[in-house]
Amino acid sequence: MADRETQRAAVIAAVERVADRMTAEKTYLTELDSAIGDADHGANMARGFEAVREKIADADADADPGDLVKTVGVTLISEVGGASGPLYGGSIMSASTELADGITAESSVAFAEAYLAKVKDRGGAELGAKTMVDALTPAVHTYKKSIETDDLPPLEALAKAVDAAERGVNYTVPLRAQKGRASYLGWRSVGHQDPGATSTLFIMEELLATAEE
Amino acid sequence: MADRETQRAAVIAAVERVADRMTAEKTYLTELDSAIGDADHGANMARGFEAVREKIADADADADPGDLVKTVGVTLISEVGGASGPLYGGSIMSASTELADGITAESSVAFAEAYLAKVKDRGGAELGAKTMVDALTPAVHTYKKSIETDDLPPLEALAKAVDAAERGVNYTVPLRAQKGRASYLGWRSVGHQDPGATSTLFIMEELLATAEE
Amino acid sequence: MKKLINEPGDVVDEMLDGMVAAYPDRLRRLDGNEVLVRSDAPVAGKVGIVSGGGSGHEPTHAGYIGDGMLDGAAAGEIFTSPTADQLDAMIQACDAGEGVLCVVKNYEGDVMNFDTAGEMAGMEDVDVEQVVVNDDVAVEDSLYTSGRRGVCGTILVHKVAGAKAAEGADLAEVKRVAEKVIDNVGTMGMALTSCVTPEKGEPTFDLGEDEIELGIGIHGEPGTERTDVMSADEITDHLTQNVLDDLDLDAGQEVVTIVNGMGGTPLSELFVVNRRLQQLMHDHGLETYDAWVGDYMTSLDMMGCSITVCAVDDELKDLLDAPADTPALKV
Amino acid sequence: MKKLINEPGDVVDEMLDGMVAAYPDRLRRLDGNEVLVRSDAPVAGKVGIVSGGGSGHEPTHAGYIGDGMLDGAAAGEIFTSPTADQLDAMIQACDAGEGVLCVVKNYEGDVMNFDTAGEMAGMEDVDVEQVVVNDDVAVEDSLYTSGRRGVCGTILVHKVAGAKAAEGADLAEVKRVAEKVIDNVGTMGMALTSCVTPEKGEPTFDLGEDEIELGIGIHGEPGTERTDVMSADEITDHLTQNVLDDLDLDAGQEVVTIVNGMGGTPLSELFVVNRRLQQLMHDHGLETYDAWVGDYMTSLDMMGCSITVCAVDDELKDLLDAPADTPALKV
C-alpha cells in the first residue's frame, strides 16, 4: 500500500472526517436512540470522536499508524462509556494489533475480522439481534471476499463494504431487538432503525471518503 | 317581613341557589384566582357551599332562621379553610346573632353591617386593597341607605346593593392589591379582577334571585 | 393533566392514609380529621410543636413529625390552609400540659385560622403560643401588603423549636429560639414552570418556553417578576443577592444554606445550584456551617428552586445539630 | 426545554462539585474523575462496596455513599454508563485490602465497563467481585433479550451489602447477602411523562395527554406497553400484580416495599400509591415489614413511579435495619 507517512496522514484524515460526521449526525443518532433507547447515542459518539480528534492531534509524530488506531480505541474507551464505548473502543483497540506492520490490503482484512469478532464476543449479539453487528457483519464479509477472492483494489472493496453495511442498517428496521436497550421494548422495537448500526455505516462512509481522496 | 316558616324556606332556598351558583362558577372563580392567587377559590367556595347545602338539609326542623344562618357560617368555617373560610364563615357566624329575632328589613341591615365589620376586622383590609371588602362595602352602604333613608322595599334595596357590588367588583380590576395573595404580585396584580369580590357579588345575586321568587 | 391520583377531591385524604401506611409506628391520624400527629402524642413533659397549612408542599408538613421536630401537622386542601376546628383538634392532641407552639407561615388564611384555633384551644385551657414565619424576601414587607410570605425557612424553625422542646425547655424558651431563626433567615424562589393543581388540572400560570418567574411563593402563585430564561449560575446569583441584601450579614458570619427543590426539579440540578451558591458564600466571606440540598418545601410538580440563608450562632448550631428522627429529616 | 443548568455538557461535573460542596465532610471527588468516594476511603478492615452508572438517577448513586452503604460511586454522563478507567479508579480508591464488591445494574454498557474495570483492578491485585441486579419484571428474561434491567431494587442491594460489609464480613459473605436480595426482589415502573435529557432538550418519547407508559426503565426509554390513562389505584394494581406474579410469594411472607418516584412526581402522589399498595399487600396475605416511599432511583424529571417488593427473612431484616448514614438515606 502506501508508505508510513501516507498511512499516518490517512488515519489522521479519517479521524477528522469521522469526528466531523459524528458531530454533524449527533441529533440524528440521538433521534434514533430516542425511539428505542435512551437518547444518548449521538452525544456519546460525538463526545468520543471529538476527544479522539484532540488526542490524535497531540499524538507523537513518530507513532506508527497502528499505534494511532490503538489511540483511537483507547480514547473511545475512556470517553464514551455506555454500551458503545466498550464495543467501539475496546474492539478497535484490540484489533489494532493487526496493523502493527502497517496498513495493507491484507492487514486491513485482518483488522476488520478481528474487530467484528471482538464486538460479537464483548456484546454477545448474534446476527439479527438488531445491533451494530448487523451492519458490521455483511460489511466485513463483503470486504474480505472482495479483496481475497475477487482481488479487487481496496478502494473498490471498501465501496462494496459500505454498500453492504447500508443493507445491514436497513435490515435492522424490521427486526425485533434481542440485545441492547431496544430489547426492553420487545415487539415495539420493530420498525425502528438501530442507532449503533447507523453510526457504524457513517464511520465506514467516512473511511471510504478518506480513501477516495 | 314574612313568618318564621317563610323565612326558613327562604334561607334554605338561598342556600340551594348559592350552592348551585358556586358549583357552576367553580372554574371561573379558580381562573380568576390563578391569575393573581393560587387557583383554589372556586374549589374552596364550591366545596364550602356544597357542605352547607347538606348541613342545612339535615338541620333541625324547628331551628330558627337565624340558627340556620349561623349553621351556614359554622359549616363554612369548618369546610373551606384558606382566607375565604374564616372571612366568609366567621363573619356570617358572628353576624347571625343580629337575626335572632327573625329576618326583617331592619335586622337584615344590622346583619349586613355586622358582617362587613367582621370581615374588615378579621382581614384588616381597607377599601381599595383589592379584596372582597371592595364589593361588600358599597353593597352594604347602598342597602342601608336604601332601607333606612329612602324607605325602599327590601327587594328593591337588594337590587341596588347588587348593582353596587358589581361596581365594586369592576373597581378591583385596576387596583394594586394590598391584602391577600394577590398582594405578593405587587404591580402585576393591576388589571385583574379579585376572586373574593366576585364570589361576594355572586352570592348577592343569588340572594336577590331568591327574594324575587 | 396526568397525575397519580384517583379523584382530585380525595388526594389529601388518601395521601394521609398512605403516609400512615408507610410509617404506622410513627404517625397517627386524628379520627375524622386531616391531621397527623406522633403516634405517642402528647409527649409527657414536653412542649408540643405543631405546624400546618395547605397540602401540596410535601414532605412539609407531616414529613417532619417525629422526635426532635413536630408533634403534629394539619393538612388543608391543596394550597388551602386547614380550618380552625382541625387546627384546634391538633393543638389539643399535642398538648401534654406544657403548652403548644404553633409554627405558622405568614399567609392570611393560615394566620386567621390559627388565630381562631388558638382561641378555641385557649378556652380549653391549653397554653398556646404562635410564631409567624415570613422569610420570603421577594415580597415587600409594609403596612400596605399582607407582609412577607413564610416559605422554606420554616423548616429551620421546625427543627430548632423541635430540638429546644425535646430538651425540655418551656414554652417561652421554645418560642424565643423559633423567633431567633425567623429574625435571621431569608429565602427567595423561582420557577421554570408552573405547578398543576389536581382540582384545576392545568398550569396555574402560563410561562413561555423562554420565560421564568422570579419571586414565586410555594402556592403556584405567579412571582413578582417574569424574565427571560437564565443559566443556573445567573439564577443562583440573582436569588442569593436578594437574600443577602435583605439579611445584610457581616463577613465571617456562619450560615446554614438550603437549596430547596419545588417538587419537579431533578436533584442533579439542585446540586448544580448549590455549587454556585457555595462559591458565592465564599466570595461574600460567609462561612457555610451546613448546606442542605433537596426537596423540603415544594409546590406540587413545579420546576424551580428556592435559596435560603440563615445566620446561625452557637445556640442555633447546637439546635440544628441535635437529633431529629422524622420521615423526611434525620439528624 | 428549561432546566437549572449551565451547559448541558457540564451538568455531571458541576453536580458532583455541588455535592461535595454540600457534604464536604462526607464526600471526596477523585482527581480528574467523575467519581465520588467516602472522604475516608478506603476504610481499613472493611470490604469496599461500589456502584455506578449513568447520571440522572439522583440521589442514586452518590447519595448513598456513607457509613453502612457505599464507599464509592461513579457517575457517567446522563444515562451513559461510566467508562472502565473511571470505574477502575473508583475500585482502587475503595480497596483497603479486603476486596471490593461492585453492584452493577444489568445494562450491557454497565456490565461491559464494570467487567473491564474489574479486570484492570484485578491486575493491580484488587480482589474484585461483582453482582448484577436485574429486578425489573417488565422485561422478559430470556436468552433472546439482554435480560431484565436493574432498577430500584438496587438500593436494597446497596443497603444490605453495605451493612454486611460494615459488620466486617468478608467479600464472599457480602456478595452472598447481596445476591440474596437480588434473588428476592422485583420491580415494575410506569411513566406519565417522558423525561427530558439536557443534551436532547426534548422529551425522549412523546406521550399523548391520555396515554401512559407501563414497564419503563430508568433511562427514559419507552416502556413495554402504552395504555390509556388510569387512576392511581389501577396503576398500582397493575404494577403490583406483575411484581407479585414474578415473585410468587407464600401467604404470610414478610416484605419490604418501595414506592419510588421518577423525579418529577409530587411526594403526595407517591403516598396515594402507597395507600393502595399496602391494601394489596394485606389482600395478598403479605406482611409489610417496612414501606419506603420517596425518590430513590429517578429518571431526571420524569413523572411516574415504580413499585418494588422484596421478600425478607431475619437476616435481611437485620441488615436493612442496621445503621446507615448517607446524604440520601439514614437509618
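First chain written, first letter: the chains are A, B, C and D, and each begins at residue 1.
Here, contacts are C-beta pairs under 8 Å (C-beta built on N, C-alpha and C of every residue); 3 or more make two chains touch, one makes a residue touch a chain.
Quick caveat, the model's predicted, so the values are computed rather than measured.
Hopping across touching chains, the smallest step count from chain B to chain D is 2.
If you average the Cα atoms of chain B and of chain C, the two centres end up 32 Å apart. Centroids built from CA atoms put chain B at 75 Å from chain A. Per-chain Cα centroids separate chain C from chain D by 29 Å. Within chain D, no positions touching two or more other chains are listed. Residue positions of chain A in touch with at least two other chains are not found. In terms of which chains touch, the assembly is arranged as an unbranched chain of neighbours. Counting only pairs that meet the touch rule, the chains in contact are A-D, B-C, C-D. Interface of chain A with chain D (complex): residues 30, 34-40, 42-44, 47, 77-87, 90, 122-123, 178-181, 183-186, 188. Per the touch definition, chain C reaches chain D in the complex via residues 1-6, 11-12, 14-19, 21-23, 55-56, 58-59, 63, 192-193, 209, 212, 229, 231-233, 235, 263-278, 291-293, 295, 298, 300-301, 303-305, 330.
Residues 9, 54, 76-86, 107-109, 112-113, 116, 138-140, 144-146, 149, 197, 199-200, 204-205, 215, 217, 219-224 of chain C are the ones that touch chain B when the two sit in their complex.
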